[in-house]
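You will see subunit A twice below: alongside subunit B first, and alongside subunit C after that.
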Partner chain A sequence: MSSSSYEPQNKVAKWVEDRLPVLGLLHGTVGAGYQAPRNLNYWWNFGSLAGFMLVVQIVTGIILVMHYTPHVDMAFRSVEHIMRDVNYGHILRYIHANGASMFFIVVYIHILRGMYFGSYKAPREVLWFLGLVIYLLMMATGFMGYVLPWGQMSFWGASVITNLFGAFDFYEGMGDSILQLLWGGYSVDNPTLQRFFSLHYLMPFVIVGVVILHIWALHIPGSNNPLGIDAKGPADKIPFHPYYSAKDAFGLAFFILFFAAFVFFMPNILGHPDNYIEANPMVTPPHIVPEWYYLPFYTILKAIPHKLLGVIAMFASILILFVLPWLDGSKVRSAKFRPMTAFFFWLFLVNGIFLGYLGTKLPSDIVFHVGEMGVDALTLGQIGTVFYFAYFVVIVPLVSRTEKTKPVPTSIAEAVLGSKKKG
Partner chain B sequence: MTTDKNTEHDGVTRRNFLNVATGAVAAVGGVSAVWPLIHQMNPSADVLALSSIEVDLTSIPLGQTIKVLFRGKPIFIRHRTPEEIARAKGDDTAALPDPAADDSRVQKPEWLVMVGTCTHLGCVPLDQRGEFGGWFCPCHGSHYDISGRIRKGPAPRNLDVPVYAFVTDTTIKIG
Partner chain C sequence: MLKNIKKIGLAALAVSGIIMGGISVASAAGDSAYPLKKNEWPHAGPFGKFDKAALQRGLQVYKEVCSSCHSLDMVAFRELSALGYNKEEIKAFAAEYDYADGFDDEGEEKTRPGKAFDYFPAPFASEQEARDSNNGAFPPDFSLLAKAREHLSIFTPWASVYGEDYIVGILTTYHEEAPEGVEMVEGASFNEAFSGNQIAMAPPLSDDMVEYADGTPATTQQMAHDVATFMYWAAEPKMEERKEIGFKVMTFMLVLTILLYFVNKSVWAKLKRGDED
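Moving on to the complex of A and B:
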């Protein structure tokens, strides 16, 4: 975030810059003043896409609040009012609802890109932490947002997730005290809806704050790159603007097409039909499923047939990402030069998708048959859960310390220009 | 560091004492100021005031369960048959994760009154399903018997029995 290279082009800009160097800050952050590695590929688009989605969610969210009523008697009806009566209301709501999924898609790709290319490794550990904090805040925000329409899935999702905290029942009545504090009553009810609404509105702005820290931390060492080696001289770098601002804009155009396909042609495909039934505390839907972006963790919860341990495993499955920079002991960052690491990374990814698939199943559902014997979702979920944790506590520590890596180029310029000559 | 020989005792100065005392007062003040911000989240007076309901049992046929809403949660009231009572008592000696005799869970054996939310994560279990002829929670697969005791699955406890009393022979007051 250095602004030293910034020269204001006109008198007004100079007058402002002398008093508050905010133009120089932007110039150094997302302008020509930020020197980024010259070899960033399209996987590096997803950070700016995540930033775009955050803005979309905040803008559409603020608009939806102009028409929504956070009260158990009116919330469901006010959402229908948005869908039927408010000008463009259905599109705005579909953008916001699908926008949550889009936000998670780009953030998951962003996180996985960081895992593959070793972006979490020194000296970017704090950058990685801040990203994980954003992810955790997103999970909380997305969950509370899903409760607001006050449909059956809203209500029962809220019941199940808040009840997780009742697992911390270390002395008589402790679990109930925690739950009553969370609910503001004896069950999920109006006080719960109202506090979720308050926090759902607040958290995106907290995320904005952490995003600013995330970008700040990014600009200390600068961006990682597909080779995972440090960008050294000027030959290794190009200015963010116009090169990456243009590349980001190009990627954004494709992403918006993808997003629009959901909003306009299949707006409910990622949702659950039961959420168009108003919340009813007397009847649990036959099958409670969280939103897709929580499914792998939901499977981990279900895999362990013990309430407290299941909850601990679920939280641990995310928190373990915080120690990844130390679990990985390799001197080489990018999996491009670590074939074993790359292999297990893809296995980890497939396992994650598999856990997500199992999250939609009942524990007793038979997923496939081996001869006469059916294999149920619970067993498979347990296998997937074991692999998930083994990846972090066994595979990554061992492979990263024992693997013979491929030769790493000495500079980005040499790798990029050298391969061009050969081609 | 300069020390005041009039006030120093074993390296502890008057200033140390003042620092600790000021810090302690500030900490107490800080906690007192934060407490209302936290306690406002607990159930409010009007929620606490909704403390009891009365239910007339005469309309519940033998072998049927009704659900009534109490504090935002369903309460199951089952009119148990003699066969069910015998089965519940017979299972007193079975392997129970949360051991409780059927007698301790009812005031009159024919009336089983329970909070109808699974002790795992709060779903409403389905009536007369599952492997033990009692209740079955579809969310994560907990099985309860005809006394509402957990028999199989992730739930840690038996279905809770609320505080209730027989006002007359056929009316109960819950809460």
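Moving on to the complex of A and C:
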């Protein structure tokens, strides 16, 4: 179950370990002696890919900071200085900017994999919580990072998103106080840029801390697996190295190919063109949109025509994931054996993508026509929002408790080797 | 089993992609009465390189026409080496401009000729001065304009609008007379590509406005094409270096990925046969 305890073979390592057991900690965290279920599929690669992206973002970010100036008069120009004058600065910036998108792609797949295979269920609830905390920290970090180039979308995105917190106006002046604290003044301005810069540098290291806890919490029950059943005997498990280190290495190389295609051949496709215009508080862009990874939540916000309720719905749409382990009452973890759950899971995914698509539209935009009647983005966003919450509050609790599940194999080894013989 | 999950996943993604693609196309088609014409750009695509002759011609158009109103703040003369000019030519080019150089012993402002490290000078000292000279409108800086006007779509690449096409569109789709029923703002010109169709800039180009050093006939279309190429270079001067590195990275990673695929396969071979224990 737990990883084998570390026993240093070499004299120097033993000397160090006797005085400060840091090598043992590393051994446990990295998972050198970690035993994993033998049947993990490629969806299980995304955890290590997320770890890789965190390192890429921190390394490129630290170098970018050496050339960046967090001041409203100089930030935009200093980013262009990186793009034009710094050796390989354009590559570094494109890696960092596209890296944020890649990090979110990987993490979304990682979260959805957890949802499909029931990785959030007992005994992995704390592991799931820590993952959600990482995701929330990433959202904050990504948002503040997007403000730093001080383009038009940086500025106006920052204005729209920070203004949301003004909705928490529970007593006279509370909303304004929150906003003044966020802005460091009375509008998005230099103090805002500087505090966002400071926090954007801090947060990734907080994420590193929570990632260590996340991996620690993983190594206690061990990885879930596509069958969702507990690994029992030694036949069910294999050492992480060399099996999963080899699989992760292949997956990582393939992922880097995908990543590099964006960085080198379409570096601006995921960004907004208006961010190549310097921030101008006097000119509002016709259409303010956040980065793609926030779009579904932006649609949920816009779907509710009441500011406070909209903000609450937006936060609730993420926070509701924390109670998922209890909303799901099924005895079986993996959706492989829960056809109804699987069906609704895919519907949930398509709905999420659709909400993201609607996020790029103005509420009044007509998305399609039914006969003579045009259906606008607001109506569709409201339908999508209702489904989003209904999935958690109605569908998952009911389906998980009533669904007749398919027979679950008794052991991983039997399922894996048995099917091999048949095939 | 695993194959099924992948299939379902891919199918779901494909279906949603198609739905969205269809929706985007439907809505994009309804956006404008004047669809933007697409041009051929030698620098487009993964193998594209800048057409240096076009860049030089574009620089000439910028210098002789556009620069009387539009700045190019972020481009230094030294960067013109990318257009195929040598050091001497760049020095001579820079020396044509004067730069403030402090004060002399009498307290009078001094100037000096431009050097390679200087940036293109702005035509107006301030935004206010620019607006005063341009009927209230502010001619945008050219340094990043080509990238600030592109609208790339990842799900529907065919619906993408490139900044260079937009620039050519602006420069070549003026109407002498506004279409019937369109009320024009005082001083504005009717332009198909411009948002709202009323642009403060009077038609800037006309045939044979410049005399190209290389003898290319200076049609409006040709000049628009050349200056758009130049503006894309100004916005993304490291494009060629980026693509070159990109090819090395992709080639290396492709080989590494193939090798790691076989490493992974051989590591798992024994286990897959189920005879490891």
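In this section, the second predicted complex is superposed on the first by the 402 of 423 C-alpha atoms of A that agree within 3 Å, B and C clash if a C-alpha of one lies under 4 Å from a C-alpha of the other, contacts with A are read in each partner's own complex, and residues count from 1 in each chain.
Just so it is clear, contacts are C-beta pairs under 8 Å (C-beta built on N, C-alpha and C of every residue); 3 or more make two chains touch, one makes a residue touch a chain.
Here the structure is a predicted model, which means the values were calculated and not measured.
Taken together in the superposed arrangement on subunit A, subunit B and subunit C fit without clashing.
Of the two partner chains, neither subunit B nor subunit C is touched by A:206.
By the touch criterion stated above, A:312 is placed in contact with neither subunit B nor subunit C. When the two structures are aligned on the shared chain, A:270 is found in touch with subunit C, with no touch to subunit B. In the superposition on chain A, A:320 contacts neither subunit B nor subunit C.
Once the two complexes are overlaid on the shared chain, A:90 sits against subunit C while remaining clear of subunit B. In the superposition on chain A, A:215 makes contact with neither subunit B nor subunit C. Per the superposed model, the minimal spacing between any CA atom of subunit B and any CA atom of subunit C is 13 Å. Across the two superposed structures, the residue set of subunit A contacted by subunit B and also by subunit C is 286.
Of all the residues in subunit C, the ones that touch subunit A in their complex are 1-2, 5, 8-9, 12-13, 15-16, 19-20, 23, 26-27, 46, 74, 79, 143-144, 147-152, 154, 163, 195, 235, 237-238, 241-243, 245-247, 249-250, 253-254, 256-257, 260-261, 263-264, 267-268, 271-272, 274, 277. Residues 156, 159-164, 166, 169, 180-189, 191, 195, 281-284, 286-288, 302, 304-308, 310, 362-364, 378 of subunit A touch subunit B in their complex. Against subunit A, in their complex, subunit B makes its touches with residues 38, 41-44, 47, 67, 69, 71-74, 117, 120-124, 137-141, 153-156.
Partner subunit C is touched in their complex by these residues of subunit A: 38, 41, 77, 80, 83-84, 88, 90-91, 94, 116, 226, 234-235, 238, 242-243, 246-247, 249-250, 253-254, 256-257, 260-261, 263-270, 273-274, 276-277, 286, 336, 342, 346, 349-350, 353-354, 357, 365-368, 416-417, 419-420.
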